[in-house]
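Two complexes come next, and they have one chain in common, subunit A, joined by subunit B in the first and subunit C in the second.
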Partner chain A sequence: MRPQRSRPGMILSYALLSVLALLFLTPVVMMLTGSLKPDERVLTEAGTLAGFIPDQASLQNYTDVFTRTDFLGFLINSLFITSTIVICGLLVNALAAYAFARLHWRGRDLLFNLVLALMILPLEAIAIPLFYGVSLLGLRDTYLAQILPFIANAFSIYLFYSFFIGLPRELEEAARLDGASTLRIFFSIILPNSKPVFASVAILSFLMWWGAYLWPLMVTIGPEVRPLPVAIAAFYTLPPLQWGDILAFGVMMVAPVLLVFLLFQRWFVRGVAASGIKG
Partner chain B sequence: MRPVSRLNDQTPSALLLVGPALIGLLLFVLLPFLFALLTAFTNLRLGSPLPLEFVELKQFTRIFNDPAFLQALVNNLLFALVVVPIQTALALGLALLLNQGLRGTAIYRTLFFMPVVFPMSLVAVVWILIYAPGPNGMMNNLLDLLSFGQWQPRDFLRDPLLALPAIMLLSIWQGAGFQMVILLAGLQAIPQELDEAAALDGAGRWQRFLHVTLPQLRNPLIFVMLITTILAFRLFDQVQIMTRGGPNNATTTVMYEMVETVFTRQQVARASAMTVVFFLLVLVVTWLQRRLVRQIREVE
Partner chain C sequence: MASIRLDKVSKQYDGHDAVIEEMDLQIRDGELLVLVGPSGCGKSTLLRMVAGLEEISAGEILIDDQVVNQLPPQKRNLAMVFQNYALYPHMTVRENLAFPLKMQRLSRDEVNRRVAQTAELLSLGNLLDRRPKQLSGGQRQRVAMGRAMVRDADAFLMDEPLSNLDAKLRVEIRSEIAALQRRLGITTLYVTHDQVEAMTLGHRVAVMRAGKLQQVATPSRLYEHPVNVFVAGFIGNPGMNVLRVMLETVDKALVFRLGEHCFTLPQSVMENYPDLPNRSGQMLLLGIRPATLTLVESGGNGSLEATMSSAEPLGHETILHVNADIDVVATDTEDPGNTLLKRPTLTAIIPGHRHFKPGETVHLQIDCDKLHCFDLQGTALAHH
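Moving on to the complex of A and B:
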């Protein structure tokens, strides 16, 4: 039982929460209503209450986005790049973490310490040499340059490792005595018992790469393999400046993720909380 | 660890499992990093006909004599000094409010977390509209309302004094929910009995917060402060989209200078030197965090 709150305390809590929620929500509502308005009215009404009332709502801006840019192409690029990194990353990093957590082999501790040490290096610390390498190899403006370097991830390995190390050994022992191979044990016993950590890693790496800007900005040149975050920044600089179209682009860009987030909210929250456990 | 005996040696299958991840990490993380460390001491440029030379610390003396880079360091530090405490306090406040078991908590949590799923580049573009100059701008209007008409409309993103705070504000908006969720998990891990025992001993709510909740929340708090500090040094997206480092370098950052150096001037070596400086900053912050956590463990 939680201690009973006093009535004024409760009202104060609700008041605070509501004011803060309003502040958090305002930019989102403004984006949504603005996207439904004629372009020229978005800017002039943004600061007034009228900015939040979508009178004369139309989907004109949304159709404009499709005629002015290759929105679908960017969406497909983003989906392809992000899902490939996430799915391949789950497999590669989970397998590695399993070997670190459960198998006995020479060099294990040394290599695991190396992985832990590499966790400190954010992408920004390697972007320049990576960019140099990609340019030398003529791999700018490719999917490969946006995917391959980011599949193996030290932090993902660490998250998987922390989870696997806590699984009861008895789970695997019977199968091992029966002579099942390591891969078989991993797929038929470890995997079904590790859904939470797979969900956490998938969500964290999805959030990271879906919104990634620095690296795709560096390696993409034309619009062919450009992902959404770079595309919206480019759309903003594309004359004429039409705020309704830009906001419609934004709504379409975030809507699928928002929907997935609302449906699987528990997993998102758990995934993010898991990243903090190591603290 | 058990010694590896011949009988239970699983080296071959282990190497198979670790192989792909290890090759990836070596090829795309360790190797590039070592390459950056080395090239920082050379004159390497993209597509330059000049022969490669070892130039000792020249690149470092260059960047530390570059007023834009120095301003970038100051801006990153300012950003960290302002954003880390404010964002952490806000996230802690939200987490505490949500941890009271009030009805409707889930809805509020959703709202506060929602900006986290917004890509930063989208947030930056939307907030350009919020910061629109002139009396019609949303932020100008809000401040006008709050100051009972005293506010003079400003062009936030072109104002040397206001541009960086403007970027700080939207960063807090986007990031607070992430921290809140981590702190909320930390709060929920605190055994209820501790709080109840303190209450029975006659401790007031504020005392219980100071002497029960905060100490129990120390590690998650240090963790969120660490990631926010490192995020402050990684600051790039918002700056590149909203201000391009301007006006007058008022919002430039180490990352922005680094990317500009390699993009507009192809100076790989000089950008590598900036990478090294950035890495050292991250290293110091991480080291401080580890020390803090260790000290607390020793005290306990």
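Moving on to the complex of A and C:
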């Protein structure tokens, strides 16, 4: 049984959590209310209570975004790039993790340790050689350059591995005796019983690549294949500087992320618990 | 149906002692052979090797005289029931039963027909649309049996299939398994650590200890003629009492000396063990089944005086644990003749519901016709 907290302890923890929630929510609420206000009031009311009150709300800033930029194009680019990375990543990383967790082959442990070691390598450290490689292949300013290098991901493999290793081995053995091949076992037995970890990996990858900035900035030249994070940065520099428009752009950029999280929240929490990710 | 033969099969993990050592075993066509032994003796490993889930280090496994060492599990046509049932949690009972048939690429009509047939046989008809988590332990067990039965496998492998059930259900399902096996006549290798299961289910029982086969025989043969003290101690509940005794010749008669007790061997014992006279002057191990000890009023030849340690009334019988001035040895060691129990209690079973006071003096009569004689290494003496 969990020990019951004392009343003062409860009040203190709720107070601390409320302050934290306030700190996290303030910028988001300000972005939302600011996006609904006339441009001249955005900065003057920032930091005051009025900044949080969307009186005289209008969608003018949102229509401005669509008229001043090709927002829809950038949104489609971002959706396409991120979804492709996520969907292909789920398949590739889950299969790799399954091979590490369950199949016996020479060099498995060594390779798995190398994959784990890759987790500590930030993109910034390999960005230049990667850029060189992409340029050599003639892939600059393409979707492929933004997708291909990031499908296989060490952290995703680790998350899948942690989950698969905890699944009862007998399920696979029973399926093998029932006549199923390894791939059949993966798709018919492992996959349907691993929804939580698939949801976790999908959300984490989506968040990671939806907000990716450095790499798309390096490999894109024109606006045709540019994703939202690079587009919003360019929007900053597009005269005249309209803060209301920028905030509206931000709101529309964040909305899909929130939607994905809300859709998969239940599985995400279970998956995070099952794969042992701790904050 | 098929026969399964193990020919000098060994299993050794890298850098460790062998877990299975040169095992020879034959499971006859249509036979239910129970592999029994204490936890960690290698019986499940052996089963998994037959299934193809573990590689074998040496020897051959033959199914219907065909060597299957290199065949993957799915090609051996064996069905297995796992200890935790291993039902696919995301599938309904119907889908669980149909899975092996779908793997055989049977037509949908044939799959449905066989699933219905199996469900009827195991009374699963009203559970077909439930998922495993909506079933009780006994129902899950039946579904696991059904999944094994549905696909016309050559043999069944069962890995402690009853160990997750409560005692009452275990007895019920045990008789169901026995009846099903009789009806289907399918070759079955059944692994358990429970000697009661082994004795009640097996046509023959193979007793294992530390990776080695001790004895393969019918349940009654195992009980009546154990080849060593390990089998004697393992089979039977409670196990056989094994005492260290001195065989002496007194006035041309052979006597066993147990501490202060001494009793003359009747002619029947000499007939059972013709080699005994040649062992006069040697220490031996004497096996006495608890059920062959009877409570008597006063001592005579073949009776032991003992003090009551504890009694366990079970209703139809009472198990007595008594202390006597005798050397009781451990049956599960490599050197039983020299491994005395620290608390040397003797166990007896007497009929009826009886109560005793701790410390009370009782006399137990040994049935000399039912004695078992072993040498000091624990091997049974030649029996007539």
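Rule of thumb we're sticking to: the second predicted complex is superposed on the first by the 236 of 279 C-alpha atoms of A that agree within 3 Å, B and C clash if a C-alpha of one lies under 4 Å from a C-alpha of the other, contacts with A are read in each partner's own complex, and residues count from 1 in each chain.
Keep this in mind: a contact is a pair of C-beta atoms (placed from the backbone, for glycine too) under 8 Å apart; a residue touches a chain by one contact, two chains touch by 3 or more.
Nothing here was measured: the structure is a model prediction, and the numbers come from that model.
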>> Just to be sure I read the superposition right, which of the two partners does A:166 touch: subunit B = first, subunit C = second, or both, or neither?
In response: neither
> Who wins on subunit A residues touched, subunit B or subunit C?
Replying inline: B
>> By the touch definition at the top of the document, which applies to A:176: first (subunit B), second (subunit C), both, or neither?
In response: second
>> With both complexes overlaid on chain A, does A:222 touch subunit B (first), subunit C (second), both or neither?
In response: neither
> Looking at the overlay, does A:138 come into contact with subunit B only (first), subunit C only (second), both, or neither?
Replying inline: neither
> Who does A:214 touch here: subunit B (first), subunit C (second), both, or neither?
Replying inline: first
> Touching A:236 in the superposition: subunit B (first), subunit C (second), both, neither?
Replying inline: first
>> Which partner chains sit in contact with A:8 here, subunit B, subunit C, both or neither? Use first/second/both/neither.
In response: neither
> Touching subunit B and also subunit C: which subunit A residues?
Replying inline: 181
>> Show me the residue ranges of subunit A that touch subunit C in the complex, using the header's touch definition.
In response: 168, 170-171, 173-181, 184, 188-189, 192-193
> In their complex, what parts of subunit C are in touch with subunit A?
Replying inline: 51-53, 72-74, 78-80, 82-84, 86, 88-90, 99-100, 103-104, 147, 151
>> Using the touch definition from the top, list the residues of subunit B that touch subunit A in their complex.
In response: 1-2, 4, 8-11, 13-15, 17-18, 20-25, 27-33, 35-36, 39, 44, 46, 94, 97-98, 100-102, 108-130, 132, 135-142, 173, 177-178, 181-182, 184-186, 192, 195-196, 199, 219-224, 226, 230, 234, 236-237, 240-241, 255, 258-259, 262-263, 268, 271-272, 274-275, 278-279, 282-283, 286, 293
> What part of subunit A is in contact with subunit B in the complex they form?
Replying inline: 2-3, 5, 10, 13-14, 16-17, 20-21, 23-25, 27-28, 30-31, 34, 42-48, 51, 92-93, 95-96, 98-100, 103-106, 108-109, 111, 114-115, 118, 120-122, 124-133, 135, 148-152, 154, 157, 181-183, 186, 207, 210-211, 213-214, 217-218, 228-230, 232-233, 236, 243, 246-247, 250, 253-254, 257-258, 261-262, 265, 268-269, 272-273, 275-279
